[in-house]
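Consider the two complexes below, in which chain A is the common component and chain B and chain C are the respective partners.
Now for the complex of A and B:
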C-alpha cells in the first residue's frame, strides 16, 4: 500500500471503491471474520468430499444395525436401547466423527456439512430476494411519493408491526402440509423454497423502510435535479441516478440480512415450520439434538455453534463494510429473531 | 391527546383486521389442497373431514368463509380436532406460564441492559467499556437455541443446580416457580441485554454533547447528578419505546422457542406441539391471539410515549 497516498485526500487517484476496500482491509476484526466466513463456506462445500471419501455415507443414510471396528473393539452405531454412538473423532477413520444423530444412526458430521449448505443457501437466496424486492419498493415509494408512497409505506408499517415469527410459522406449516400453487409457480410442501419464500416476504420491511428514507433524501439532491434538467425519465432517475448511490447501503443490508434470515430459518426449522425432512438444516439438527442433550450434548450444541459463528461473522463483516463504505452512516439492521429494528438507531 | 388515542386505536383495529385477513389467506386460500382435510389434522376420518367442511362452509364464497372463521375465533368455537378441545381454553391455560417467562425476562433485560449501558457510557473508551462491547456483540449473535442447550447441559445435568425444565405455578410454590424460571429468563434476556446496553450507551454519548448538559455542568452540578438527572433521563425515552416493541415481539417470538427448550407449558409450547402434529386450528388461534397482544402492546406504548413527549402527539405539524 502506498502510504503517501492519504485516503480521502483531494489528490487521490484511487476510486471510492478502492478506498473502501483499503479501509475494510485495515479493519483486522472484520477481515478475520471474513476469513472465518469463507472457512465456513468451504466447510459446507466440502460436504460431498467428506461424505464420499472419509465417512462413506450420505446425510440421510441410516445405520441402525451397523457396527464399527475401532482399535480392535466392536462398537454398535446404535445400541439395543436406541442410544446412538458418541463422537469417534478420527478413531474410526473419520466415520461418525461427531457421532450418530439419533436412533436412526445417521452420521452427524455429514449431516452438519449438508445441513449447513441448506442453512446458508436459504440465508443467501432469501437475502437476495428480500433485498431486491425491498430496494424496488423503496425506490418506488421514495421516488414517486404521493399515493404510491402512502400505499407502500403503510403496507410496510403494517407488515412491520406484525408478529413475523408467528405468521412465518403459520405460513410455513400451512405450505408444508399442502404446497403452493399460484399461476405458474408450484411448490411441493417439502421444498426448501417454502421457507425461502416465507422469510423473504416477512423480512422486506427491515430493508425497505430505511431504503425508502434514503431515496427520499437522495431525490432532493442536486445531481437528481441536474438529471431531471437533462430530461431523464423516471426509470433512469431511479435506476441510473439514485440506485448507484444506494450501493453501499444495499451491500451492508444484504450482508446483515443473510445473518438475520439464517436466524429466522433456524427458528422456523427448529419449530418444524421451516426445512422439512428429508432435507435438514442446522435448525432441524438442533431440534433433533436437544432430545439427547443429557447424553450427547454435542448433537445440539455443535449446530448451534455453527449458526452462531456464521451469524457473528456476517454481523461483524456487515459492520466493517458499513464503516468502510460510509463512515458517517448510522443506518442499521439488527440481526435478531425478535426482529425489531431500533427506531432510535436509524434516526 | 384524546384525538391521538382515538387515531391510534383506529390504527390498531385496522392492523388487526389485516392480520386476520392474512391468517385467513395463509390457511384457507394459498395452500394447494382441500381446506377441510388440512384442518382435520393427520389422522382424519372422512366423516370428520365432511363435518368440518360443512361447519366451516368451504363451498361458500371467500368473504363468507372469512366471516365464519372470525365468528369462531370470537365466540371461542375454534377447536382442534384430534382430540377435540377448544383452542381458546388451551391458550388461556398457557398464558400464566408465558407471561411469567416474558415479564421476568423483560425485567432482567431492562435492568441489566440499563446498568451495563450506563456503566459503558460513563466510562466510554475505558477497559470496562471495551469488555462490555465484546460481551454485547457476542450476546447479540448467540441464538437462544445455543444458549439454552449449553445452560441446561452444564447447570442442570452436570452441576444439578437448576431443575430440569417444566413449570410450577407461582400460586402453588413461589420458590419452585423462581428456580424453574431463572434459566429461561436469562436465556431470553441475554440477547436483549447486549442490545439495550449498546443502544443506551450510544444515546447517552449523543446526549452528552447537548447544550443542556453543558448548562447543567456550568450550574455546578456534580458529575453524577449531570449523568443521572440529565443525560440518563433524556436517553431513556427511546429505550422505553424499544422495550414496548420488543416485549410484544418477544412474547410472540423467541419466547416460543424458549418454552419448547425448557418444556414450559405456555402458549408457544402449545403452538409448537400443534406444529409437530400438523394441527392447524391451534396455530390459527395462537397467531391471531399473539398478533392481538403485539399490536395492542404497541398501541399502549405509543400512547404512553405521546403522553411523555408532546412532539409525537402533534405529529409533523410540530416540526
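Now for the complex of A and C:
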C-alpha cells in the first residue's frame, strides 16, 4: 500500500472504518443528532424509573375516578363529562406531568416513555428483519442473475407496486383480529410482532433493489474474479467477498430504514392497524390525542414531536454515515449541485 | 333487537326514523305543529350505512330509523316519546288485534283503500307474503314468527306457505293461528320485518332498490354505503292518509341522507348548517362542548331503553364459577364507566333498564374492589388466562380497556381483542371463535316488553352456533322455564313483578356485569325546530317530526 499521505487522510496506519469514523465525527450536524438520538433512547429506557419512582403508575393503569391533591386543591383525573386532566408538570410531584391521556385517566408521560420503547423497538427490529431479508434477496438476485434474478426482481417489483399503507392496514387489521399461525410460528392478534411483520415484509424492496444493483456491479470486479480463480464457491463469494463490500451501504440503509419503519408504524397505529390497545406507541398516542386536539392539544403534539425528532435524527445520522462511509457519493452529489470541494477535502 | 354495533348504530336508527316520521302530534295533515315552516328538504347525515335497506331484512337501529316511516306494519308504535311511545297502536290494521282461542288466534282487519307508493292496492294477503318473504330471505327477525302455526316447518322448507296465516283480500281479514299463546306477539306484529310489501317483490336483498312502501315517505336514489333520499309518497296524500288519519304526514318534503364516517366532521357540518341533523351522537371528545353550547336550542339528551354490559362465558373456567362472576361484578365501578362514556351512561347494575316494564331498581354488587379480591381469592380459579373482547368504536373500546384493567387488578392474565365494529357481533356470536371468555356488549330494545331482554340474551334456547346472542351461554333450566311461561301471557302488573324477580335471579347468578343505560341525543342545525323532533324509544327520531324554523 502506498504510504504517502493523501490530502485529508489521517495517516497510513488507519483502516477504512477509522477513517469513516473520523469523517463522521467531523460532521457536526450528524454528531449533534446522534447525541439527540441517544438522549431519546435514554429517555425511553428510563420509563420504569419514572413510572415507579415519580408517577407511581404503569402505562396501562387507569385512574378514571381518582383525584389529585395539588396545593390543597382537589382535581379530578377525569371529570364526569369525560375530560382528562391537563399537564400538571411538577405540581403533583411529577404525577400526570403531561396530564391524562384520555377518559381512561392514564398518565400521558408514562405512556409516552413506554410508547417510545415500543415505537423504537418496532422500528429497530423491523429494520433488522427487512435489512437481513433484503440483503439475502439482493445477493441471490445479483449474484445468480438469470431466472433467479428475474423471479426475485419481479416479486420485489410487485411488492413495490402495491399501495403499501392500504395493504398494511388491511393486513394489520386482519392479523390483529385473528393473529397468525405459520407452522411453529404463532402470533396472537394483539402482539407487537404483527406490525413488525407487516412493516418488515412491505419495506423489503426499498433495500433489496439497490443492494441487488450493487451486487450486480461488485460481481464483475477483479477481486471476485480472483476469488473464483482460487476455486471459491457461490456461498463464499456472496458472503465472504461481496457482502463485506456492501457493509457501508447496509449500515446506511439500516439506519434510514429504522426511521422509515417508525413512520410506517406510527401511520399503521394511528389508523388502528398497528400496536393494539391497551399498549401504546407514539402512533397510537397521536390517534388518541387527535380526539382531544381542541381541548388538550399536547396529547397529540408531544408524541408527534417525539416521532419527528427521532426520525429526523435517524435521517441526519444516516446521511452522515453515508458521507462518512462512501465519501465519493458526497463528491458526486455536490458535483451535481455545483458544490465541489477542493480535491481531497472530502476524502 | 339491536346491539348498538356501537351505540352509534342505535343513534343512526333513531335519526333515520326521525327523518321518516315528521310531524309529531299525530295530525294527518302536513301542517307544521307550530314554530316551523312547511316543506324543505332535510339534509341528514349518518355515520354508517344501515345493514339493509329492505324492511324484511334490516335488524339494526340505523335500518329501523331509516325505514320506520316508509314501511308501516299492521301495528306500529305511537308517534310519541317515552312511555307513551312504547304503546302499540294500529298501523295498516283498522284496530288492535282481537285475541281469542286462549291467546292462540289473532284477528285483524286491513284498513280499506290503502295503496303502495307505486299505486298498487295493499291487500290482506300481502301480510302473508311479507312474513313468508322474511323467512325466504333468511331474515334475522324471522325467528319471531316461527310461533305461527306451520312457521317452523316453513322456516326449514321455505315452500308450501304458512298455514297459520289466513288472509281474505275481499274483507281484509287476517287471521293468525299460533302454536301456543304469546305475550309478545302484538309487539312482534309491530316490527318492520312483517310490514306488507307488494306480492312478487323479489325474495332477495333489495337494499339497492327497495320495494314500494305504504308510509308518508318513499325511498329513492339509494346508494349502498353512501346515502339515500326520501321524497313524499304520492299515494299517501291520495289514499293512505285518508285511510289512517292519525298517522303523521310529515312537514318536510323530503330528505337527503349522506353517510359521513368522521363524526368530528359531522359535528362541524351541523354547526355550519351544512347538515340539518346527525343521526349518531357527537363523538365523546366533542360531547360536553356540544352539550354545553347547544343544549335546549339544537341539542337534547334522549333516554334509551338499553343495557350495556360485560358478559362472562359461564361454560368455561374461570367464569363457570359463580363466585368469580360475582367478584367481577363487585370490581366494576360504574362511576368510572360513566366518565368513560362522558356522562352519556346512567350507572345501573341490572338487566332490565329503566323505562322497561318490570324494571325495579336494585344493586346486588355495589362497587367494592377489596371484596372482589377477597371473593376471587376464595374462588381461586384454576385458569386465570382470559381474553377480553370489545369492538373498536369509542367509547366502547375504552370501556373494554377499562374492563381489562379491572380484570388484571383482580389477578387475571388478560389479552384484549379489539374487533372492527362492523363484524364484532358476528365474531363473538360464532361459538367456534376461540377464547370467547368475556367481553363487552349492549342491547337496545326491539320492543317494549321485558321478554326482549331475557329470551334472546339469556335463555338456553338462544345459545346458537352462529348468530348467538346469549354470549354468557347461560342455560339454567328453571330460569329458562320461567322465561317461556312468562312469554306466553299478556303483560300485566303481576307479570311485571315476576320479570323484576327474574332480573334479580339472573343477577344473583351474575352471567353479566351490567354497568349502565345509555343516553343518546338529538343534535340538529339551527335551521331545525328541535322542540318538535320526536324521539321514540324503539324507532328513535321520527322523520315526520322534523321541520325547519320559520
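Definition applied: the second predicted complex is superposed on the first by the 318 of 347 C-alpha atoms of A that agree within 3 Å, B and C clash if a C-alpha of one lies under 4 Å from a C-alpha of the other, contacts with A are read in each partner's own complex, and residues count from 1 in each chain.
Methods note: a residue touches a chain if its C-beta (ideal position, glycine included) is under 8 Å from a C-beta of that chain, and two chains touch if they have at least 3 such contacts.
As the structure is a computational prediction, the values presented were derived from the model and not from experiment.
Engineer: Could you tell me whether chain B and chain C fit or clash when both sit on chain A in the superposition?
Structural biologist: Clash - chain B and chain C, as placed by superposing on chain A, overlap.
Engineer: Touch check for A:286: first (chain B), second (chain C), both, or neither?
Structural biologist: After superposition on chain A, A:286 lies in contact with chain B alone.
Engineer: Considering only the touch criterion stated at the top, classify A:152 as touching first (chain B), second (chain C), both, or neither.
Structural biologist: In the superposed model, A:152 contacts neither chain B nor chain C.
Engineer: Taking the superposition on A as described, I'd like to know which of chain B and chain C A:65 touches: first, second, both or neither.
Structural biologist: second
Engineer: Once chain A of both complexes is superposed, is A:134 in touch with chain B (first), chain C (second), both, or neither?
Structural biologist: neither
Engineer: Please indicate which partner A:173 is in contact with in the superposed arrangement: first for chain B, second for chain C, both, or neither.
Structural biologist: So A:173 meets both chain B and chain C here.
Engineer: Between chain B and chain C, whom does A:273 touch in the aligned arrangement: first, second, both, or neither?
Structural biologist: first
Engineer: Does the superposition put A:242 against chain B (first), chain C (second), both, or neither?
Structural biologist: neither
Engineer: Check whether chain B or chain C contacts more residues of chain A in the superposed model.
Structural biologist: Partner touching more chain A residues in the overlay: B.
Engineer: Applying the document's definition of touch, where does A:297 land relative to chain B and chain C: first, second, both, or neither?
Structural biologist: The answer is first: A:297 touches chain B but not chain C.
Engineer: Quick one: from 401-409, 419-427 or 509-517, give me the piece of chain C that collides with chain B in the overlay.
Structural biologist: Clashes occur only in 419-427.
Engineer: Shared contact residues on chain A, chain B side and chain C side combined as an intersection?
Structural biologist: Common interface on chain A, chain B vs chain C: 173, 176-177, 272, 294.
Engineer: Name, in rising order, each residue of chain C that touches chain A in their complex.
Structural biologist: 283-289, 291, 333, 335-336, 338-343, 392, 394-395, 397-398, 400-402, 404-405, 415-420, 427
Engineer: What part of chain A is in contact with chain C in the complex they form?
Structural biologist: Within the complex, chain A contacts chain C at residues 60-62, 64-65, 78-83, 102-105, 173, 176-177, 188-190, 272, 276-278, 291-292, 294-295.
Engineer: Where on chain B does chain A make contact in their complex?
Structural biologist: Per the stated touch rule, the residues are 14-15, 18-19, 22-23, 26-27, 30-33, 38, 137-138, 140-146, 149-150, 152-153, 157, 191-192, 195, 199, 202-203, 238-239, 241-242, 245-246, 248-250, 252-254, 256-257, 260-261, 271-272, 275-276, 278, 280, 283-284, 286-287, 290-291, 294-295, 298.
Engineer: Which part of chain A faces chain B closely enough to touch in the complex?
Structural biologist: Residues of chain A touching chain B: 158, 161-167, 169-171, 173-182, 186, 263, 266-267, 270-273, 283, 286, 289-290, 293-294, 297, 300-301, 304-305, 307-308, 311-312, 315-316, 334-340, 342-345.
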